[in-house]
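Chain nomenclature is as follows: A, B, C and D, assigned in order of appearance, with residue numbering initiated at 1 for each chain independently.
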Amino acid sequence: MTEMNMVKALNNALDTMLDKDKSVILIGEDIAKDGGVFRVTDGLYAKYGDERVVSTPLSELGIVGMSIGMAMDGLRPIPEIQFLDFIYTAMDQIVSQMAKIRYRTNGDYILPMVLRTPYGGGVSGGPYHSQSSEAYFAHTAGLVVVTPSNPYDAKGLLISSIESNDPVMFLEPKRLYYSIKNDVPDNYYKVEIGKAKRILEGDDVTLITYGPMVPLVKSVVQKNNINADVIDLITLNPFDKDTVINSVKRTGRAVIVHEAPKMFGVGAEISATIAEKAIDYLQAPILRVTGMDIPVPFILEDYYVPNEKRIMNAINKVINY
Amino acid sequence: MIEEDISKDDIINAYRNVILERTLDKKLLGINRQGFLPFYIPNMGHEALHAAIGMALRDIDFFYPYYRDLGSDIARVGLDFVLAQMFSTEKDNELGRDMPLHISNKAKNVGPVITTVGGHLMAATGVAYSHKYQKKPGIVVATFGDGATSTPDFHVAMNFSAVYSLPILFICENNQWAISYPVEDQTKVEISKKAEAYGFTGIKIDGNNFVEAYHAIKNAILNVEKGSMPILIDAVTYRMGPHTTADDPNKYRKTIINEGDPLDPLTIIENDIKRMKILNDEEISNIKNEINDTVSKEVERYEKMNKPGKETLFKNIYENDPWYITEERGEIQ
Amino acid sequence: MTEMNMVKALNNALDTMLDKDKSVILIGEDIAKDGGVFRVTDGLYAKYGDERVVSTPLSELGIVGMSIGMAMDGLRPIPEIQFLDFIYTAMDQIVSQMAKIRYRTNGDYILPMVLRTPYGGGVSGGPYHSQSSEAYFAHTAGLVVVTPSNPYDAKGLLISSIESNDPVMFLEPKRLYYSIKNDVPDNYYKVEIGKAKRILEGDDVTLITYGPMVPLVKSVVQKNNINADVIDLITLNPFDKDTVINSVKRTGRAVIVHEAPKMFGVGAEISATIAEKAIDYLQAPILRVTGMDIPVPFILEDYYVPNEKRIMNAINKVINY
Amino acid sequence: MIEEDISKDDIINAYRNVILERTLDKKLLGINRQGFLPFYIPNMGHEALHAAIGMALRDIDFFYPYYRDLGSDIARVGLDFVLAQMFSTEKDNELGRDMPLHISNKAKNVGPVITTVGGHLMAATGVAYSHKYQKKPGIVVATFGDGATSTPDFHVAMNFSAVYSLPILFICENNQWAISYPVEDQTKVEISKKAEAYGFTGIKIDGNNFVEAYHAIKNAILNVEKGSMPILIDAVTYRMGPHTTADDPNKYRKTIINEGDPLDPLTIIENDIKRMKILNDEEISNIKNEINDTVSKEVERYEKMNKPGKETLFKNIYENDPWYITEERGEIQ
């Protein structure tokens, strides 16, 4: 066990898997000598060389596309997109190839690859260093989408993702990169894909969240002494329906919190699933506290992102309904 | 000239390939018109080039074709495999999930054809990276149309493959049209020149002339292997038919090469064969009849074959079915 | 008034606006001499010339990107993407530029442009000629997303979209291109963006749908004598919340039907909005009948798309709940 | 040589621009280190090129800069406009919505800077199309870095602008690095050669030498105008500082040009001016002092200026607010 932040935990997971499996290759902009702009790949180039820790020309299409070919040929590539905001020139590779090759070839080719990318705000990055577009990927059949909320999960989940035979979008909440430390086992371990975690237990309301908003939701609940189930989804697709539904059946109330914009966002699916499978148990509207439906503004980011006040308003509204 | 460059067997083999592709192509077009094949992508005009690709590639090479590669595909994976896919049969490796001519065959080192123009070029580059990394023998050969040179993927694949010195041969099947858009509008330079912008060699060849194409491709494969740099071949040919069975070329062009014209690749190879007295008229006629019979028989066989049933619908979306897939499976019972 | 199919109605709308406004320019693959692969631009090249009806090299990034520049400079470009399935190399232009330029420049630049594209199945086109990815665009703040379900609406809505100063994604349900005819006024008229239509009225259940599924839902309801409100959304973003909520408050039951995949799809937002704003009125779960969460398969497309049986199962389930 | 090519006033003007950019750049870096400016993109090394761009462009030309164009921006829209944006003030035309150096100024024909590398190149091409269509005078000038040449956008913009013969000048501010990635890895050829792959001219120039850069850009603008074909300029310079204030170049390179070195563009132009006796040491010193005072005063003024309040948050997302925006506005009261 070593106490470490998420960046170190991710670095440690990559190191573990590079060491364990020669088919693991990292590829992305500035990941080699520079160690990545957030230092997630620090030291790995020196240790594993330029064939396995590959800096690339400036093209996200190239990074993802090349990884797809590598995966088709038996490797386990781990492409990094420097910021999720720059992923869109690779969107065709993600939607048309990464997500569909297994299905349309009926498994003749599979794509064991993990696309890592930092997402969300927290670095005062303005409209192009702060986006949370996980809904696009969650909506894309064929992709697995995961996002850890602490260093321990980050390492275990990344290892599970690398060993998965499905293409995984591994979304790293950059606002949590350095802000929390956990005890993280030094060796290989896994955190299961598809399983949510109840990080707080309570009876009055279910709070469903993931990634960047998990510590905030947890602290708001604790600080305000709310008797709440707090669920960290960890996996967005396929999300852990049973944990969500069982909790809501017990509490009768649900509030979903995420940083991404509301309209047609991830929270809508969670809400719709509840409205389909637990309607009789609901004692209040299902509410969402989310990022605003605008680009992330540079100086007013704090008003964009959910905060204690907005979360408490929603909790109070459903509890007092 | 030809006599020294190519063996008699090879040219006969090529000729048979050309005849097979032409015969099958016409057969499938006919079947489409009768309504039995919902969609087809005609290959007429590309046959000599396809024969050259099919014969120049070695088993160790990885072939990443595009959707207009009927002859090259047959040479690589066999008529049965292609027809099983063409008619979306239950024997189709892909279970009828993709359109005709969109084959995939991992066992034979063939990448999955994608409809999206240019969409496979970076994947081909990635396979080349992997080959190099894993020290696998052989190179990657990717084909695509003239229209594909305008795609983002083309640019990025050319650049990445040069930057990492990858063993990959890009073959542009330049049939001078992208649906209704002529290559003179697609780009203001010769396609072969584009390679220079990335630091490797581009070669322009006559894609209607089997012998020229065959040699050029064979040499290029060896040069890629030796030089460990990519090469781009601009194989100029002509799309003699419509773009697909949904297209009407009369709306936008006058077809300038018709079947039997001196520039028809079939005419060219047939004239070579006659001139060199490799086959006489009777032998030629026998080949045509024999291939015609095979095509009729095989097409009929695959046309009648069962198609995958609805119980296959959800297979292989993921390694394990998510809960919602289980629910959705229930909905179609 | 002339009876026409949707392709003719769209052609007529483009003709009307090309004639009316010199700043209108069409741009896309094969739209000039060929008249577009679905013939929507037939004859317009001959009438307006190659400066205003512009065929392009094969790049969707180019088509959308060039339109953005034109719109910035005061024109009203109408880019066509030949099939929605090929839009993804333009995704960066759509998400990073088209959707954000107005907001991030605080209106210094606005983008009056209409991106037209056929979507959905119905042409036996397999995984790359059949997609319904409207959710990506509906989720993208800054874009307006509309989709007509008949020739009359198609023309009026296209004219409204062209005159709008917001960037509009105009999604054309290709399965309805030739299958329905309407009386369509010969001249200029508009169909309002943001307003849904109640195309059938009833008390037992609310059916919410749009675009390609509208005729199917309507015929299923009529054939089975269901006493249902049927709402054609027409605009997906911003969708007409009031029409939906008012209807559900009256019927107490909601079924959403769309062709796109279910998970994290458009239906989820409709459901979530109902679960937020009309929970007390609900007498049954909110159900969704949708395309499957897989790529669109070539030969089994009929099992992918909602059909009468699946729609009736959902209706019966909520009515008999 | 220089004497004939350029007027005394012009070179003094250029020198003042270079000094202004250098002084402001250092000031802003300092302020960032003290924590008052959250983020900054250093421009050191680009000053001569920026002066050349700023002076060669005419008001009728449309300028589409990238994020590292401090000097060119100031020349075009003025120091006030740039600082109002830099400090996200309430006077910022964009209301503080984008990062420093991401200006937009429609009134002065300046396109909105986008963070996404290459993301503006097709928009610039579209503006050029529109200019041509509307018969507006002037051309479009778009700048970008060496890294941008690998993007899809570069390829497509170069091709579209050639295919439609558009009046656009592409200027690559080739500072030899894309964050930690050197230009020798970015592409295996000289960037100027890439223009040939699209059918127009590419020119390589010394971007650290104001006089050379100024003439080359001025001529290129006229040639684009006359020839109605695009031109690509590869302006070789060097990023003397870190990529941004978040970057540490020591991790990946040894900086080879430092301030005051003979290759520093400021040194070059200062030596020219001294050699030609255009200004004496005292005059130079006066200019520096004067500019230093202005910079200090102006920066302080804008640093203290009010920033847009939360009531501006939802302005201009659409022409009219959708219902959910009205709801969301309520949430932050």
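Quick note on the criterion: contacts are C-beta pairs under 8 Å (C-beta built on N, C-alpha and C of every residue); 3 or more make two chains touch, one makes a residue touch a chain.
Keep in mind it's a predicted model, so treat the numbers as computed, not measured.
Peer 1: Which other chains touch subunit C while also touching subunit D?
Peer 2: A, B
Peer 1: Looking at A-D and A-B, which one has the bigger number of contacting C-beta pairs?
Peer 2: When the contacts at A-D and A-B are counted, A-B has more.
Peer 1: Using the average of all C-alpha atoms in each chain as its centre, how far is it in Å between subunit B and subunit C?
Peer 2: About 35 Å separates the centre of subunit B from that of subunit C.
Peer 1: I'd like to verify one number: the distance from the centre of subunit A to the centre of subunit B, where each centre is the average of its C-alpha atoms, in whole angstrom.
Peer 2: Each chain's C-alpha centroid was found; their separation is 40 Å.
Peer 1: Report the inter-centroid distance (CA atoms only) between subunit B and subunit D in whole Å.
Peer 2: Using C-alpha averages as centres, the distance is 46 Å.
Peer 1: Going through subunit B residue by residue, note those that touch at least 2 other chains and give them in order.
Peer 2: Counting only residues that touch two or more other chains, subunit B contributes 97-98, 102, 114, 116, 150, 152-153, 156, 159, 163, 185-187, 317, 322, 324.
Peer 1: Which parts of subunit A, given as residue numbers and ranges, touch two or more other chains?
Peer 2: If we look for residues of subunit A contacting two or more partner chains, we find 56-57, 59, 61-62, 85, 89, 92, 96, 103-104, 127-128, 141-142, 237, 263, 292-295.
Peer 1: Sort out for me which residues of subunit D touch subunit A in the complex.
Peer 2: 38-39, 88, 96-99, 102, 114-118, 147-148, 150-153, 178-181, 185-187, 246-247, 251-252, 307-308, 310, 312-314, 317, 322, 324-325, 328, 331-332
Peer 1: Quick one: in the complex, what on subunit C touches subunit D?
Peer 2: 25, 51, 54, 56-57, 59, 61-62, 64-75, 77, 89, 92-93, 96-97, 101-110, 141-142, 144, 164-166, 194, 237-238, 241-242
Peer 1: Once bound in the complex, which stretches of subunit D touch subunit C?
Peer 2: That would be residues 62, 93-95, 97-98, 102, 104-106, 111-112, 114, 116, 119-131, 133-134, 152-153, 156-157, 159-160, 163-164, 315-319, 322-324 of subunit D.
Peer 1: Spell out the residues on subunit B that touch subunit D in their complex, using ranges where they run on.
Peer 2: 150, 152-156, 159, 162-163, 185-189, 193-194, 196-200
Peer 1: Any idea which subunit A residues touch subunit C in the complex?
Peer 2: By the definition above, subunit A touches subunit C via 61, 85, 88-89, 91-92, 94-96, 99-100, 103-104, 127-128, 133, 135-136, 138-139, 141-142, 237, 261, 263-269, 271-272, 274-277, 279, 282, 284-288, 292-295.
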